[in-house]
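Which chain is which? They are A, B and C, in the order written, and residues in each are numbered from 1.
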């Protein structure tokens, strides 16, 4: 077996185990050193992953593992996201007794997301979803002495366990119909007349993946996790699994010809429902972390637009990847700001922030405006690419709905920025520390850079294709 | 050169955050005046002779070549006239002694930022860059209104941003739908004008035009898309109001000329009459509603709706036919529409700056509470009277030159629309005269007995604007030559 | 495997699934919810075996083993969370633990 094809994954796995062992032998106050170890291993994995870029796209491990541009870029994105989340952590968990184990858990969760991006077999998909979920529950409930965190973990778990079961049922159905779990084999078997059972099976699988994507109908955990989980974990959970899940979904649906299983209307419906429900949920929020959770749901809806267009034009996957990258940078910047502000979450507490912490206020402006899609930030180029690809694919109505939603989203983002800039300060604003600050500014620079210097990445992504 | 026009204020906006608070205003004035100088140089160097290229001072650098997007700059006569007027208005607004509420650095930084992106809208030759600047101007004004406005400023700023952002997104969709018909995809305006990519596509053309009209119409604004304008104006600080009326509203009409009018002239011609009706409705509605306002700023805000209606009427008439038919009349209408934009910028800019005076001294916009101010503030009275007369179209002032050409031109194409539109002028005259009478004549209420007249800087700035209004009114040839060189080409003339 | 027993097998799986699903939806006690989830997972496992038998492929059995392992992992996490829930909220009624909403 070509072990070399999964070297990045192996390196992440091995480092996770090493970190876990090291954490049990080190003194608690030295655990922050493990963050450096985690960063180093992520960097190593990223280098190994980048080395695969030059190779021709192919399926390995008996066809269960896709090694194409989409999976490589998505995994690079996940590794970068994880690195920023690692950097947010040391100060936040300084006094936590299990500080060190957190990094191991984070690496395993990242591994789950990476497996999602490369899954070319239903079984592999199930494994990836489960690995990413099981570690996700733990991350969400990491502050086990804090009721909100436990509640977030429990709600996350219940939604997750249910949708994972549905996913398995769906996989069973597809397996029963087509006699294989391998995407290529299913694609060969799925021809001819429309098949209602296949549509049901696919729908159930899509629900399972939608859970990772925080898309309707499995989105309800996102606001709770966003509010209750420790902010560094929330930053991770709102971004990394999504990247993997979006690619997994694109890979999954395209194995079916649109006339056998009508998946395009299905995905388009989910896209509309997700962005609309996410935005409506965010409108009334007075809790910034919860608001970010809802906004993150709506962003998944935009990402689903690109999935709808996959296969209709060559720009869909590049647009999806670029959008995810821009979203990741902006959302990480927002959560980094919350983390740096020691988790302050009540909207009223943000009044006058621009006076006390002009830097963090500016970061909030950049990240929120990027999430809206104001040029020349990364989010704008991402959304532009999405609109271009959907309109070109003949789904102009979807773009119109996305535009209406974008306008609605502007309202709640401005409801945060308004007090930040126009309100009066009423109290000191303590911040966390140097690690979080560096992560904060890195994510912000990436958000700006992805917009102004979009060309190199865009032309690189433009060649990315999806197997098979 | 044009790039420098944008970069100087943009970099200045960052740099000014590190300038000593006492010197902020001076530095900002100097930085804000550099684009004006550059644009005047560009004007002098602009070739208006027959056969000269339409777009001059062209610069082009790649930005996202794989999407066909580039940093493309260049001006034609229309853009140059409006951009120069905008730069002048910005200098006046920046120099205007404003209440910076203890944050002069941020205030002037946002103003310089707004200047850079506003000029960018007029100077760019790339459709995507146009959108970028168009959107960024919203961000700049959002912060200016929200932070330095008064009354319910946050709400007004939010409404302004959301409303106009909806418009710009509608425009973005239209831009994408327009651009996707080219192959390879390009956002280069010159290419798009030359190719007329939507010619022959009826449904798509109509939808794209609808997107542009909604997007640009919210900004202009036309009735019924204007409801964001009054609150934004009322709660904005005086100089920001002047910029909003004088510069940002022009982006709408300028965009109409630059994009649908030039790039899809066949589709535009088919729906020009409908646009003309919208224009007449805006003219009448704006005038009538303005008449009913007791609030000084609200009243002037509604006259903006009325005046932009004239401009739209001229554009609609000019685009009514493709090719050479009625060329002279259509060219006159388009020239008039452009002069109207310049004149309205100068006149309404001054009027809003004058409104700012009232707020600073009186904290009150209600017309009824004022009276007899001519006794205590003769200079203010003089400028207000001049600007109002110019606004209602008195011969010898800038507004007259513009409106005369628009109506004469429109008579050649849509006589009935022009006739109905003329009623608007009568109403405007009535409402301005009534306003002047209320503010400056009659009995002086005791509470205003110590109302101070204009200061030195205020007088100077208003003098510059007023002189231009008079000069354009009496001797407009220098402006018309520049504008005509472009409108002739756009209307298919020689 | 003949057609008849396949129908029985699938029927049983569907029945188990439905049973579990109803339990998840109507029970408020988290412990019972967890048990119902286990039932659903086992329904999926059973269906896998039946489907594997239809295609006479060993995949079905492989997947069953995998699912058992997964169910165990999930149950472990779920019970861990349940303990914490009991500690913090003094109850395992899922509706009691809803300080966050909206």
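Please note the rule applied: contacts are C-beta pairs under 8 Å (C-beta built on N, C-alpha and C of every residue); 3 or more make two chains touch, one makes a residue touch a chain.
If you want to know which protein each chain is, UniProt gives these names: B = NADH-quinone oxidoreductase subunit M.
Treat the numbers as computed from the prediction; the structure is a model and nothing was measured.
The touch graph of the protein chains shown is a line. Nearest to the common centre of all protein CA atoms is the CA centroid of chain A. In this structure, the chain pairs A-B and A-C differ in their number of contacting C-beta pairs, and the larger number is found at A-C.
The centroid of the Cα atoms in chain B and the matching centroid in chain C are 65 Å apart. Between the CA-based centres of chain A and chain B the separation comes to 43 Å, rounded to the whole angstrom. One inter-chain figure worth recording: chain A and chain C are separated by 26 Å, centre to centre, where each centre is the mean of the chain's CA atoms.
Residue positions of chain A touching 2 or more other chains: there are none. Shared interface positions of chain C, defined as residues touching 2 or more other chains, are absent.
Contact residues of chain C toward chain A in the complex are 17, 20, 24, 30, 33-34, 37, 40-41, 43-44, 47-48, 50-52, 54-55, 57, 59-60, 62-63, 66-67, 70, 73-74, 77-78, 81-82, 84-85, 88-89, 94, 97-100, 102. Residues 123, 126-127, 130, 134, 137-138, 141, 144-148, 150-155, 157-158, 161-162, 164-165, 168-169, 171-173, 175-176, 179-181, 223-224, 227-228, 281, 284-285, 287, 290 of chain A are the ones that touch chain C when the two sit in their complex.
Those residues of chain B whose C-beta lies close enough to touch chain A in the complex are 62-67, 128, 131-132, 135-136, 139, 142-143, 146-147, 153-154, 157-158, 161-162, 165-166, 169-170, 172-173, 176-177, 180. Of all residues in chain A, only 369, 372, 374-376, 380-381, 384-385, 387-388, 391-392, 396, 399-400, 403-404, 406-407, 410-411, 414-415, 418, 421-422, 454-455, 458-459, 462 touch chain B in the complex they form.
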